[in-house]
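Should a chain be cited, it is by its letter among A, B, C and D, assigned in written order, with residues numbered from 1 in that chain.
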Amino acid sequence: MDIAFWIISGITVLGALLAVTLRNLVHCVLSLILFFLGIASHYFLLRADFIGAVQILIYIGAVAVLILFAIMLTRNVTGTEGPRETLGVKWWAGSIIAGTMAAMLTWAIRGDQISQTLPGGDKATTSVAEIGRGFIGDWVVPFEIMAVLLTAALIGAVVIALEEVMKRR
Amino acid sequence: METIYQLIVASFAGKPAWMPLAIAIAVPIVFVLGVFLTIFAYTTLVERKALGRVQNRYGPNRVGRWGILQPLADGVKLLIKEDIVPRSADKFTHFLAPVMAVIPSLLLFAIVPVGPGLVPVNLNIGILFAFAISTASVLALFMGGWASRNKFSLLGAVRAVAQVVSYEVPMVLAAVAVVMAAGSLSTLDIVKAQSGGTAEIGGWFVFQPWGFVGFVLFAIGAMAEAARTPFDIPEAESEIIAGYHTEYSGFKFALFQMGEYLAAIAMAGVTVTMFLGGYLGPGCNLPYVGILISMFWFFLKLGAMIALNIWIRGTWPRVRVDQLMGFAWKVLLPMSILNIVVVGLVRFMPNVVVGWIVAAVILFLAFVVLIKFSASQSIEKRTYRYAS
Amino acid sequence: MSDLARQQWLIPFLPLVAAAIQSVLPRGQRKLSAGLCLLAMGASCVLAVRAFLATLGHHEPVREVANFTWFEFGNTSLQMGFILDPLTAGMAVMVTFVGFWIFVNATGYMHEDENFTRFFCFLSLFAAAMLGLVVSNNLLMLFMSWELVGLCSYLLIGFWFFKPSAAAAMKKAFITTRIGDVGFFLGILMLYWKSGTLNLYDNGHGALEQAGALANLAGWWGLSAATTIAVLLFIGAMGKSAQFPLHVWLPDAMEGPTPVSALIHAATMVAAGVFMVGRMFPVFAAGGSPEHPTFAMNMVMWVGCFTAVFSATIAVAQWDIKRVLAYSTCSQLGFMMMALGAGGLVPGQFHLLTHAFFKALLFLGSGCVIIGTHHEQDMRKMGGLKKYMPITFWCYLIGMLALAGVPPFAGFFSKDEVLLQTFHRSKIAWGLATFAAFLTAFYMTRQMYMVFAGKWRGGDHGYGHGHHEPHEVPWNMWLPIAVLSVFALALGFFGTPLIGGNLFHHYLGVEEEMPEGGVGIVMGCSILVGALGVLLGWMVYGRKQMEHATDPDPLESPLWRVLNNKWYVDEFYEATIIRLTMTCGMMFRLFDKLVVDGILHTIVWLTKAISQIFRWVGDELIINGGFDAGCESVRGSGALFSKLQSGRVRDYFAFLGVGTIVLLTVYFLKQ
Amino acid sequence: MTIPLGHYLILAGILFAIGLGGALTRKNAIIVLIAIEVMFNAGILNLIAFWHYGHYASLTAQMFAIFAISIAAAESAIGLALVIAVYRHYKSVDVDEMKSLKG
């Protein structure tokens, strides 16, 4: 299974890199989907099946599609960005900050004891029923708050996006 | 009940570990590719014949007796046709889209049990996996439409995305009702939850009021997800030529068609599993032959669902875009949410008969109200914003 | 009895419900809105009276509390609670009763306003907040109500927010009281820090019950903890009760509708400060004795005394009928504070009660006058109203006599007690207060003559409502003032030694012996100055009436003009504090831009930039010296550097990233 | 499987840095949102990795992951609605042009 980790990690990192560097917006989203798939595969590999399925359902099924819609609605139909961004000060600054952060995080994690932890044997995955019981058990309050949050987000998104329609009337 | 995987592992006890694994991986793949691709091929033929009869003509009848070799001929024809890629197209995405269209559809078969234990993978998140995968299929349509650099293609793609996202919601909610009743997401468990009853038929969820409503909702949603008539506005030829696959030809076009049909068949299989008792039927519990009988029942039901699809396609007019969206959000969604509530309600009814009656009354009233409500909306005179 | 304490929450709750309902009423539902408001207030009043009656007839002072836990985090829990003791019961009755009649009056006053329901919604909320403040047995809850009161006053003062002056006044009131609230909040925090609880009474564990212990702890500035807390709390009370130097908002608050003025100046908001000091009285007094009072007590007394005189002088030279009353309120609040500071909880609270009645009466009366004269507030354009508005006149006269301290009206007795208490503490303060009492009598007489005597001068101007004659107000406006005038007449007797030995003292049950002696001198002096004030008022304004609205004041003089301009306090603030704050704000802004921006550029650049600013700031402050020039140039450089704050999300993102890296670096270096 | 926990943590760290770099270097608001999603996912991956290597029976990590995913979904919905609204106003999705809040 080690090889699976390396392959999936490679795909994930590649997807992430392409998603933030490609020039074409739609290509970015497609790379992002690749990244999401990689992450979902990691979840499956880590035996968190439910989270993996949720990842695919929400991120690929909803978020990525939403981003595609946003691209279409901002009239940038071909997905190309405007004039080429120069590799200016900001680009270098950003890259250096990100690179430094990656290096430091790696260094920090490598130096820590916990990073050597190995999984303790093959364990059964958490069943969906347990998660469901968690939702209406210990986690019922966060769950309800999440419901309220999502409703608020729904209404908010509708209100923000509907502005023009209201004006037109 | 063991799954096929466990059976294989058991029969290879003592052999090197890779052997049962390889067999367990190979058998379902071969089975899915062999059986379901054949079903796909002949579905196209049956569909063309049936549509022909509906439209008072013969349909294909030249290649082989009753046109029985027609799919083969179609395949050969499409394979040897020129593969045209528009000059301004986004080459890579244009190439990737048809492939992407087929993969999720094939993956869907991984969780459809065709007999007791006969499921490629018995995931404990089975149904959720199906939805997760089927949403991914929409990306292929979008990629194809967008990469073609054709405004009709793009319109078709955007329509497809909007439609699939909209119909996904009531479909998932209809499935939630089933999951609640069965107490599991696993497809095998869902089928098992429907066993019992008269001749292994009475336990099917479709015979419950909420099950029937869920079945209808799910079937409609599945049809819309696969973009089949009457929900085929993403490829409505009278409006936007052929939608997202306008710029496709040859085998890429065939792959798109294949993806669509496979998705429709797979969703029909999921529908059968969830509402029509899957492989259950009289005699499915018999020793030894039970597996064959249950497979027979499964494919019979699958065939019936496909036939229903074709029948609807042949007889219903295409809906308008606004009707399509309005129907999903104003009728299907409230109905499916109510359905979930009713499933919960039925559990607390004193006995089965009372629960049945209460559920039927509630759902019927809701249906009448919703239809009346949406009908009064759709009668209003159409206004044109840009045309006079 | 304990049930009653547990039901205390109903008293603020009913107006709160009324406010909540009214907030969703459509504009047209005026009758429903007013009805709800009155119903809630009346019901609260009944409840308050019930609680009040329950506290009567006990030998020992009654004190019932009902505490409950609001929420917990870890081992710490925040509690809330309600209290029923004589102080609360008396206040609650006063607030609900006076408030009820103010509401009745408001139905008439706001009759023509199209935002009638909004007004009543705010009024109800205001009453609810005030009652919450009164019944709470917890400083946190008291503070929350306190802030709510502030918010409501903000909303009500600026009720006619379309008037720029009202909008300015609402901001002024809010910000000024806010300054005091900072002190209040610090006091609360310190109290919690030192005593570990915010409950006032809690079976011996409450903050007030620990006041003695607090007096032995060290606080700040070399004071004991109790005194430090008391000083901080008093700063809050200064803001709320408009004590010098935070009094400036109160006169401006006259921009609000008159019932609001009555509510703010009589029953509620300004009373909150005095009530709070009275409520926290053990903390103020802890560690002192009548001979050697604590610093907090002295501070309260002298601030009160100064405010009393200071505001009274300003009131002498005002034209606006409501402003006179406003400064008079400041002055009377000073009296109350002075009494509290002199160690007299009972006189202070008693004066608060009586003052609430007659000041509400006066304000509502002035509201009647304003309505009767078609929204005229300038006393120069009134005159001769006795003929047109007899009922208002008689009620107003009672209120005026009560305020002027003429026996046997309520104000006389309560003020007399205040003066007596002060007399025993400090002769100087007593002298000043007596002078303030004299001024009070004088300016009230002046107002009476200007408004009600002589001939009608309003016809001089041909705009507004035209040449309409003044008219008497409808019954729902004069009834409240008639009722209140009965109380203004009679209430004083409850606090006098004349009948059965000072009932109010006995009721509040404070174990303080009223110092013997001096009663004759004090009472004689106050009667004398009252009479003198009235006499002088008659001599200056009564003998020769103003003929025209444009006539100058008979006392026109440089000093008078200073008074008319309120000792130029507002201008002083404008020139000092506000400008200083603006400058500080500029400098902070400058600092902000620099820190935020500098990160993207090299450290050298950053160093150069900072040194540049320091040079600029130093330059301007040292060389130019003048505030004006300094302010200008700082503003200029601020504008220059503000361009560097890009407003771009990306830059901020970069700062976040850099910050994280810095944190990680620190983490490594520490290992 | 002999992959130690550190590998997952480093992977998540690298992904996070990639997201951060994207958010810093790109001007298009939609890509900034994409980059933020990448960072989100890196964080959630950490949760699941700790769950797998740590207290397996506990639901906490999965619950947190689900909540984080929900929040991310809500965030992206709002974010994209904002992008669309901003686009209507400025006719651009360049984050460098959205600087009305500058000092």
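Things worth noting here:
As a working rule, contacts are C-beta pairs under 8 Å (C-beta built on N, C-alpha and C of every residue); 3 or more make two chains touch, one makes a residue touch a chain.
Predicted model only: the values in this text are computed from it and were never measured.
Between subunit B and subunit D, the least number of touching-chain steps is 2. For the pair subunit B and subunit C, the distance between mean C-alpha positions equals 72 Å. Averaging Cα coordinates per chain places subunit A and subunit C 55 Å apart. Averaged C-alpha coordinates give centres for subunit A and subunit D that are 6 Å from one another. A straight line joining the Cα centres of subunit C and subunit D is 51 Å long. In subunit D, the residues that reach two or more other chains under the touch definition are 20, 23-24, 27.
Counting partner chains per residue, subunit C shows two or more touched chains at residues 650, 654, 657.
In subunit B, no position touches at least two other chains. Viewed as a contact network, the protein chains fit none of the simple shapes, being neither a path, a ring, a star nor fully connected.
Listed in rising order, the residues of subunit D touching subunit A in the complex are 1-11, 13-28, 30-31, 33-35, 37-38, 41, 44-45, 48-49, 51-54, 56, 59, 62-63, 65-67, 69-78, 80-85, 87-88, 93-94.
Residues of subunit D that touch subunit C in their complex: 20, 23-24, 27, 32, 95-96, 98-103. By the touch criterion stated above, subunit C contacts subunit A in their complex at residues 600, 650, 654, 657-658, 660-661, 664-665, 667-668. Residue ranges on subunit A touching subunit B, taken from their complex, read 24, 26-27, 30, 33, 49-50, 53-54, 56-57, 60-62, 64-65, 68-69, 72, 77-79, 125, 127-129.
The touching residues of subunit C, when paired with subunit D in their complex, are 589, 592-593, 641-650, 653-654, 657.
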